[in-house]
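Structures for review follow.
What follows is a pair of complexes built around chain A, which joins chain B in one and chain C in the other.
Up next, the complex of A and B:
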């Protein structure tokens, strides 16, 4: 293809999963204890999508990557310090809730509006990337809703691989049941790709990329529009923490054989 | 890559520096007050590189008077802005008796035990403890506040980045200064995409050089840049860095039964060993930061901070407050306890030193965060002055603008008072307490000054330490069994010395390995070289004490093959740096330098709650 892709990645922050996360009920609804204090990371699903987007942009000349990110502005700012050194992108920031309890419909509406408002966007070159489980409590619906709102019919969910051909057509591997892949071929953009984990490692921190990105990041944060996500319209009848299934016992002086026997017994049960 | 100013390490000192500097960078009309020399027409290009994976990751709950910090934010109630911060409330210093009978108590300590036991009629009482009826003014922290330094630095970082005038990059270890002769012209970032030994792999990306007119070194007492500068320039005549401690701390969610009010400050001495001091600071929402300090003058190779922390927590005086609680977060950090005695050359051509690594810790008042912040503020004021004159950052201009400013400030005045406040501890706990009292009560006029020696020179042999406590045959058996099992020695030897086993409950008292998962799992990004190595493996081969393994806060150093160097697991290391000053083997010809090499590395703690 001659002009390259315009790749818009939807991705925002989640509490660092390495932290101790404790669900609580807040006046605003369900939340996490000390949520404002918890360090954040880029949602790992979206992170894969971002790295894949950057990789694709490198392969296809003339391509460009945007990162559309919905979250509290101050937290987005901090997140950018860890993300912006990884790959080049232009940030479009939306100031709103990034809570895991925010509804997928509201998030998708805000993201689609922001994508639609990107100046100079050419839909015939548009690929919308995101995490397949992002902002949807693992229901894989948010990216599909974004696609619907943008009028994009070709949608792929649980993507692990994309191969672009010279004419702009591409083949996609989507995860399906039983460890199998569904292989599809698409004639070209526009399309929505909701990524699973992809195959790329996390890029190293590159200070030059960071410096380049930051020229656009701070202005983008300064003009971040408020997104009325999760504000009214939703009542949580009930929230429940999944039952903990981990069973921990402290055992001293048990032989390897005894431990192995017990594990086998436990598996049999 | 080029910048105007590059900072190494984002701790309180750099926070103070950048907070002060960024406020002077723009004119009221929105145009730059100082133009960048590397990007003409733009504001100054200021970079800050932080080793940890996010700003605020690390360890330290503190109580501080916070004078300099509050001065930087006039009219702001920091206890409302910073999560978990609260005004200092009731302060208590308690002397803990040994309820077990296993700690090492010399004649001097037994004398102090007697004084505190027989003087209880005039003191507050606690279970197996006496509370001092009066706290000397130099130790008091009122008015002040209790806070998590991690939470504080996150807040400061957000303010700075929100200004758009500085870029703070976490997850970016700096391997050392870039030097041209004695001039620092920037820093070199650590190589990425290398194996454990630093050999390039497929994704190799050599550490980039960041050239800058001024390099601000605030990477703490064990930072790679500061240590390399010390190696290059040496320390000023008469200064030394012989005194260290590792502070091992935990954040605990207190049980509902705990009646301590937010802002309560407890300091303890006397137990689990006389040399080990403890503290507990109560945050809001029934949470507390607590821990111990294990110093380099704790003369034993069995220096396990973790097990001693657990014994301290289980002392009846502390346990009554925390029993039934939950450990939320944990960590450790080395403290440069020589204070102003350890001050390096503060400036040179192209660089300036701030913070703990520049000798700002006040070893008399046991205060370091506010002092570090103040040093950053003072440097920023000097830099603004030089920028206004369009002067170069030379040794001479920086001395006039920063060092002289620091010498004239109350910071230095207080550091000089404290200078000899810890000297007595070189001769033991009792002498140390006498010396601290003398210095504190006379404002530094009278001191108990003694000669000091490098930490490696004072670690006794196992046989000497265990004499009279563990029979030689039992000691030999334990050493052999631990070597065979490739385990550290401290658990076996402490048990033999009469310390009870820790009744692990998986909630408040957990195994050393389990605690690495609390409050943000300890981990490290791939692609970096091992940052702990050994200069001369042959010294490890004859080392019997292996104190580096015993002190290791995260069991990242473990016994290797017999006669070999310890095995290092980079993914467990929390970068406390205790191995550096706990090595008992000085390098031949350089008694001030031990065998452990500690360089820039990524990863570590992932909690900003501490």
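Up next, the complex of A and C:
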């Protein structure tokens, strides 16, 4: 691996999961109550992908990370005040809806076009990262569709780990049923990796990284191209949030042994 | 007057986009990033420390010590440094540091204090130190870059000292410096004896900036010196202070008996006829540096009040859920205590106080940012004019003062009828700007510290009471009990309330400040005429009444023939200081709401929702105007009638006062309806499912 990877991470904003998320019907289709005002975070699945991308770029000399984000650009700008402080990247912004109800095909088309238009992109070095799902609505198909549009056949979904070898080949662990992993080996880029949680903690905010990123973030936001994504041809018969099911007890000062015993009993049931 | 009975109200509590406009940092990405960095530490590590009971001891634990690393990594430490030394804020930093205090105090005031102390220690060096001192200590305080193996230095500031019986007097320094060795042709070595009291950061400090006086005839004046932990002698960190509050800051009573080179005198020294003459006395440094650091403390109390709103709403709504017979979907299930007007109105009072307190704190922070830029230029002008010393300076300021008054009075005239060219000319004058901003700052700063922390503490008690029995438990969401009790310290350190009242009682008489009030009154009258729902007219009448009261006490004598305006007559002057603080806080809030009204509609995110925010915040301001006007009327009545003989009614003055008071109170029409609407909005506003920090 002489020139490093070009790692493009697809990721955008979702409403802060702690907020009250109440589905409503809008003239544009389904949405969330007070959606524009809801504070946003980087979609947690994409966030894992971004942190893994930065980690990989650090390990493989000559690598670079882009973050391709589709969302209302004013909201993206706000999001960048936090995300830009995490890891170094170059932003490619697309101005459009980040709603969880948009059609994944339309979103994938916009993302693939934006990736294809990145100047100097070398497909032989390209790794496309993203989340295997989204916290806003779990269609779980966007990354695969992006890969198809870019003509990338090597796709891995639910990735928790990547190990790169000296020649650029890499092995990947993908989550499968029953807490097991599927281990695969890939000859090298290009590939699509839709990440699960990965293994890395969220990096602390680093203002120096933030200031470095912001030099590119603001111009990227200013020249963000509009992306006409929406509900598309999907007809939503009904939208609702999953019913809460809580079986929580608050117990203070329980010993580790007691907690362990209770968990074992529960598993045995 | 048009007053809509049904109008759009807020849909959610104000978020970042709203605050960035109100507090004027929407175009400052460096500040927005600093806010996010501070927030991640506050709602992460710091909240975890509080939730884990780390506040239950005044000892400085390893867990608490982790805050420093978090401050370094997130840019909080660097926010107090120049860009050349790894800083992250370009230009003056008052607003940025206030915003960081706000974010940290949202969770814990002690942690906010810990974040500020290093800046306090560095302050004298940054502002008044020699180039060598600045280079050495700012570089030492730079957080190490990733991979860099260097220990960061942390500082403490030691001004306060134990004095027998009377506590402390910052004007009298008992720390002593004397010449220990002075060999011919070499740098003098000084002996420093200093005992500190309530000194924050002592558990970790590597250097101390300490105020010392001298009885040694070979040293001319008092000064500030820099002490290092490796200096020869005693560097005793002292006994930890047994604080019941702010346990996330470390405080002790240290003892120093150290030998240091004379080059550690802050700002340097000269030698004349065998005498060391410090270039700056300790009081010159303190006046220059510490007049502004109080603002961050006021902002802390404001943050705590605003942080209480969401947990209170959640508590009120969920109060009866789970009880027998309370069905989901019933009003008691959905609204809980919010079915009752009293719960809503009292919550509205907490919220309005927090808004006014924050607006005042951020306004004075912005004034100081402006002043920081102007004063350097002003001092250069004075230097070029050969102006040195107090008397010469006062003489040199006479013309700019009279120009500033002229400018403010011109600005108070209606647009179109005033001399714009002259206003522009005066505004462009550095010295006019200097005296104008100084006069405003000299009242707003102590007013912020006094009102935000003092009245803020009272309203935090109210917030705790609104949680019922839950409020005094360690499980209370939002740590409200800790926030309330912490506020008592905030009202005390960096100058207790009496010191702030004393300062206001002097600075409120500045003619430039009084001309500024004339301008505010004119602006508020215009606003009140255009938007009566703001309560601006009543606020204008409040300022008018206060001005009349100031003139009244200037001339009046009590029934025993003693003048009311004697400078030590605290019973008269201090209530006047309280009264102006009430008015200033709500004026700042109204100004922020008007800024939102002007710039909010064009904002792509909040634009569609802006009407609701402006309506509710306007109502909140209006009800706070009524509260402030009530205080001014009450204080005025006590001063006008209270010093008259029992049989008298204060004569003509009484009639004039009654007329003005009646005019002010008559302008309060609609303020209580505004409170009703705020209450209704609070019962409908959407809040998150859970607090975004652990309990």
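Quick note on the criterion: the second predicted complex is superposed on the first by the 225 of 269 C-alpha atoms of A that agree within 3 Å, B and C clash if a C-alpha of one lies under 4 Å from a C-alpha of the other, contacts with A are read in each partner's own complex, and residues count from 1 in each chain.
By definition in this document, contacts are C-beta pairs under 8 Å (C-beta built on N, C-alpha and C of every residue); 3 or more make two chains touch, one makes a residue touch a chain.
Everything numeric here is computed off the predicted structure, so don't read it as measured data.
With the C-alpha superposition on chain A as described, chain C and chain B clash in the combined arrangement. Of the two partner chains placed by the overlay, chain B and chain C both lie in contact with A:20.
In the superposition on chain A, A:169 makes contact with neither chain B nor chain C.
By the document's definition of touching, of the two partners only chain B reaches A:201; chain C does not. When the two structures are aligned on the shared chain, A:222 is found in touch with chain B, with no touch to chain C. When both complexes are overlaid on chain A, the residue A:72 reaches chain C alone and has no touch with chain B.
Of the two partner chains placed around the shared chain by superposition, neither chain B nor chain C is touched by A:121. By the touch criterion stated above, A:37 is placed in contact with chain B and with chain C alike. Once both structures are placed on chain A, chain A residues 16, 18-20, 34, 36-37, 39, 74, 78, 81-82, 85, 204-208, 210-211, 214, 218 are touched by chain B and, in the other complex, by chain C.
Listing the residues of chain A that touch chain B in their complex gives 16, 18-20, 34, 36-37, 39, 74, 77-78, 81-82, 85, 201-202, 204-208, 210-211, 214, 218-219, 222, 248, 250. Across the interface of their complex, chain C is touched by residues 16, 18-20, 22, 33-34, 36-39, 72-75, 78, 81-82, 84-85, 204-208, 210-211, 214, 218 of chain A. The residues of chain C lying in touch with chain A in their complex are 11-12, 15-17, 29-30, 32-37, 40, 70, 73-75, 78, 86, 88, 145-146, 603-606, 608-609, 686-692. Those residues of chain B that touch chain A in the shared complex are 1, 47, 53-57, 83-84, 151, 154, 157-158, 161-162, 164, 167-172, 189, 192-193, 203, 205, 208, 210, 328-329, 504, 506, 511, 518-521, 523, 525, 527, 606-609.
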